[in-house]
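Labels A, B, C, D, E and F are assigned to the chains in the order they are written; within every chain, residues are numbered from 1.
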Amino acid sequence: MNVLAIACHPDDLEIGCGGTLAKYASLGHNVTMVHVANGNKGHKVIGPEELRLIRAGEAQRSGALIGAKVISMDVDDLLVKSDQDTLITKLVDVIRTVQPDVIITHPPEDYMKDHMEVSKAVFDASFAATVPHYVTEVAVPDGLKPSPIYYMDTLAGVGFLPTEYVDITDTIETKIAMNAAHESQIKWLYEHDGIDFLDFVRTVSKFRGLQCGAAYAEGFVQCKAWPRLTTTRLLP
Amino acid sequence: MNVLAIACHPDDLEIGCGGTLAKYASLGHNVTMVHVANGNKGHKVIGPEELRLIRAGEAQRSGALIGAKVISMDVDDLLVKSDQDTLITKLVDVIRTVQPDVIITHPPEDYMKDHMEVSKAVFDASFAATVPHYVTEVAVPDGLKPSPIYYMDTLAGVGFLPTEYVDITDTIETKIAMNAAHESQIKWLYEHDGIDFLDFVRTVSKFRGLQCGAAYAEGFVQCKAWPRLTTTRLLP
Amino acid sequence: MNVLAIACHPDDLEIGCGGTLAKYASLGHNVTMVHVANGNKGHKVIGPEELRLIRAGEAQRSGALIGAKVISMDVDDLLVKSDQDTLITKLVDVIRTVQPDVIITHPPEDYMKDHMEVSKAVFDASFAATVPHYVTEVAVPDGLKPSPIYYMDTLAGVGFLPTEYVDITDTIETKIAMNAAHESQIKWLYEHDGIDFLDFVRTVSKFRGLQCGAAYAEGFVQCKAWPRLTTTRLLP
Amino acid sequence: MNVLAIACHPDDLEIGCGGTLAKYASLGHNVTMVHVANGNKGHKVIGPEELRLIRAGEAQRSGALIGAKVISMDVDDLLVKSDQDTLITKLVDVIRTVQPDVIITHPPEDYMKDHMEVSKAVFDASFAATVPHYVTEVAVPDGLKPSPIYYMDTLAGVGFLPTEYVDITDTIETKIAMNAAHESQIKWLYEHDGIDFLDFVRTVSKFRGLQCGAAYAEGFVQCKAWPRLTTTRLLP
Amino acid sequence: MNVLAIACHPDDLEIGCGGTLAKYASLGHNVTMVHVANGNKGHKVIGPEELRLIRAGEAQRSGALIGAKVISMDVDDLLVKSDQDTLITKLVDVIRTVQPDVIITHPPEDYMKDHMEVSKAVFDASFAATVPHYVTEVAVPDGLKPSPIYYMDTLAGVGFLPTEYVDITDTIETKIAMNAAHESQIKWLYEHDGIDFLDFVRTVSKFRGLQCGAAYAEGFVQCKAWPRLTTTRLLP
Amino acid sequence: MNVLAIACHPDDLEIGCGGTLAKYASLGHNVTMVHVANGNKGHKVIGPEELRLIRAGEAQRSGALIGAKVISMDVDDLLVKSDQDTLITKLVDVIRTVQPDVIITHPPEDYMKDHMEVSKAVFDASFAATVPHYVTEVAVPDGLKPSPIYYMDTLAGVGFLPTEYVDITDTIETKIAMNAAHESQIKWLYEHDGIDFLDFVRTVSKFRGLQCGAAYAEGFVQCKAWPRLTTTRLLP
């Protein structure tokens, strides 16, 4: 399968579904990781221009851990907007290129605007991508249909009730390593705020595991919209 | 009564509430059918410019079957957006002209962006239309108030739980004929994809009928917002 | 129409739908008011045996104000239970006798157990009443079907979002008079606790009116269960 | 897998998940079909004693079509109650005997009491069945755990939003045949009320199919309760 | 505490949380009241330019009654939009200046577009305000974090189920006086439409009081989003 | 304050709200812990009679850690039922004796029957307890009113979205010690199933802490029913 995971910041996929992506990859599926924002405002000391470059590298190193292709939409932090001219069309091109069997993204409600704009844009783009006369730089591949979409967990699981779980016991350490690759974030939080974000990520995965009988797990909710519903499970 | 039905594509009203509109008309009410998008990208072979004209004609023929006035906002497919300058103001003019006693439109959640943008724009415009100092090409008629709004079914009824039903047993064949008038859609789906869309429409109407004890029915949910709530039923 | 309203205590119908019942009656419909509990523990001074008789009289006087028939199931307060042998079968007999076109009762969730047991028992009994081989003292009338059920407001409207409203502007004073007929309750609350319960009732009716554009109103939610759904409104 | 399907009346499983059970069976799984009520009051002319025997035979013939074992709890219609002494303990024995990998039953909310009592009893019994010191006629098999539970559709799909679908295109005719085996029900409805119940069943399956892209489908919602959540799909 | 209340029109805060703001003020907290729209289209006779000035004065007089600072974003009515360039950045500056411990605003769903745009913009801005590299005219104060947000009631309480209440018995008359300060609205509604809006406001407050055992109350729902959740109550 | 916590099994309070109870106690409030079931079937080797005694002692030792009074209703496991004659009346006596300012119990939906029966019985009893003519062994204290009720978390937080949180950072070790006092449960799970249940409890508390910005927390939802709603927070 072609798995297309699209999130907002360079480390959001690692937090929300890193274990699942690692599992997909270990099973031989093609995994593409897209971050819409470049994460340029995610630090209190390092400036936007420098941070943008640092984080692009971190994202590549994280993806490399599971052999995933990593793409950035390079939108500045806090300026993500689900509009036609910029974001949707760019996502259409990615979708037409990747031809995903399944898409993973943020849920429609999350803790900040940019995440929610991405979720909306992915929903919109994955439909538009299948319309031949919606002309962009990439032509519609034959038979491309609106992909099933799975929404990953919110940050800290607030307001999120998973309806499907993925056992990530075998990939939890890879997930942690992928998160650790985002050194600018992890190190900063630890040194200046005393926050151990890797422990944060591990705790949420452990909690989701307790809910479904696995040592570690990630939770998802399927997007319920025609014609995306399926009669098989696409999660690994 | 003046009944104003506003949907996205030229055939959406026929799918979602064609039987109800036919019933309104047969009872002597004035029915106006508005499609916001011109449907120009709804075909894999016919090009946008040609299709736009074809579909405009199909919409007129469909509306003529029940004596409804048909209006197109003529927005290109996939570019529908609930913004002030374009869509909302144009809808305000329609509403001020029609002076509806009741409005029917898409529900806030549906299977693709354009539908949802229309739903939002209708909600917004139907309030703005009643404000005298919101100056557009059409003046506010005396006593115009925000209309009660009924949301029609989603495509294939996904995620939709009707709270009110309309018995369309007497108008189901008219509904089917109205859908058949959109020949570019029906024929294409049948010849190339083997999909019998008229059967699709009939099945959903039959299913909604099973739910409420009618041979055929359509389901609705009222928009719950002040001051649109009523103490009488406005559905036929 | 035959309107059957079934609530728990002798004054619950007056509080929740008194205006609607008065309106039904004024339109010429037959109204039957059933209270399941005898209200015998609803006072801090008057003992159960004496109170039971007092409240039976109050209920009759209240019903007489709108020409409604009043029936008591005579279950002691706090001992209402939706079981087969006692409550359900007794309600089946009432339903078979009244042959209601519509039933009004408490919603499934309310502020205390007895109310919720009544709601459940009404739902159960109104189905059982239509089964010929469910033999009770009253035979099934020809063609009796499970009635549409409307749930009235909770006490003080807590947790209740009406989906339909009845304008009771013309019957609000009758509603107040019906509530006032329950003198043992009204007087006690006023003299000992300083609570003006008639003002309580009026305030809730006024609030529901503000929501739907009437001077006074009552709110309802229809029970969504097959085969009780209808294609017409049964509320007055 | 051992598949245990438990519904109320002798034909409820056929209506709600007949296609899914046929599919399980065709894939080589062991299917056990339990009906709690004997269906003795489900006719207007045939008396309870006679009908009970007729329906027991019909259930056996229906199950035989897919090689399923059919068990009756033999509770009289309208007297189903989720209590310890009768229903729960009897279901515990069935569960301990079948040792199901997955259970299918009615959803907690459905159109009549007996269905809902069965749903509750199944939930309760499937936990109790795993407790060694809950002593019944059958001992707890080693390692028996509370089974994952899938709730099947309500009658006519009222109030039900499936979260998972099963493609029953290959078994729809078997499903219809299983329903047809309940001749006392089908024939009566057709001859006396003009209702073609087989068409009812087919329409709902077709509608659920439209929702998920299959010719025919059945919809389900998983019971979300610890420790029943899984990381794999158990539906066929 | 620094309390920041942000609503759409000049009188919306008075309607939704005037009693709570008065209570905060009486307890010694700093209260800032922001209205985003200038209310220039809220009259049928007085023109926009004149009305804008009148309402600015009314808002100041209302705020003065409780010693609150009053700020207008001065957006024209019906043109409120939660976008980056205009509204969000302006709100960021207010938030960075006020440094709120708690924010009160409209709920995400309300009776008209402008209210909902404000709710969204406040949510978005209160996060952006805390990001140092989101550069606006005001620098981020040290330690500023995304504030807890409480959503106040909808107009007439439609569709709103409070989860927390504030007893405003001691400030109800101040609340009424604050509303009365918006003379252009109150007088107009009374003289021309016969609507006593002060009575409207009092009735809703009385109703919310009945729900929680106070003479008068206001209802709220907390915004459930990380990292805004708290372990203490911030409402007075 | 008098704090009354009522759960099902001897260790359920420790799991769901042990940290909160410890915090209440440390602040000087009187805490009473009630377990309805005696836990006699909660082991695979130790027999019911022996286990019942062991667990009674464990519960006492756990409560002693925070100076709480511990009461057992002594109902056998899997036989808990919210009925009048047995459970409700016994709980009424406890409530009349303790005169709680706040009650904590299981939420209405949880992972097994006994928990849900307790939740329902507590709701019912806490109303009945305030009715003078509901005569039991204990008379109604003057002025006793239906207590506000807080529902604690489900097991593993499945299906539970807290609306209020308690910071238990200062009492997490006490909570763990209270759980550890239930040695028959903890030891068995560890030695035979390799499950570290204390780690389970700590993980859930840590996860709830991540949601609300505390090192450890417990989540609650208030019971929304008249006249239990308050205008102050009763959680510590």
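Here is the rule we use: a contact is a pair of C-beta atoms (placed from the backbone, for glycine too) under 8 Å apart; a residue touches a chain by one contact, two chains touch by 3 or more.
Just so it is clear, the model here is predicted, and its values are computed rather than measured.
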Enumerate, in label order, the chains that touch chain B and chain E alike.
A, C
Equivalent interface to B-E (more than half of contact pairs same by residue no.) among C-E, A-E or B-C is A-E
Counting C-beta pairs in contact, which chain pair has more, A-D or B-D?
A-D
Counting only C-alpha atoms to place each centre, which chain is farthest from chain D?
E
Taking each chain's centre as the mean of its CA atoms, the one lying farthest from the centre of chain B is chain F
Please report how far chain A has to rotate so that its Cα atoms sit on those of chain B, a copy of the same sequence, as a value between 0 and 180° in steps of 5.
120
Report, in whole Å, the distance between the mean C-alpha point of chain A and the mean C-alpha point of chain C.
53
Whole-Å gap between the CA centroids of chain C and chain D
36
Between chain A and chain F, what is the separation of their C-alpha centroids in Å?
39
For chain B, residues that touch 2 or more chains besides their own:
156, 158-159, 161, 211, 224, 226-227, 229
According to the definition already given, which pairs of chains are in contact?
A-B, A-D, A-E, A-F, B-C, B-D, B-E, C-D, C-E, C-F, D-F, E-F
Residues of chain A touching chain E in their complex?
40-41, 43-44, 47-48, 77-79, 81, 109-113, 154-156, 158-159
Which of the residues in chain F come into contact with chain A in the complex?
156-159, 161, 200, 203-204, 206-207, 210-211
Show which residues of chain E lie in contact with chain F when the two form their complex.
161, 163, 165-167, 211-214, 217, 222, 224, 226-227, 229-233
Across the complex, what residues on chain D touch chain F?
84, 123-124, 127-128, 131-134, 224-227, 229
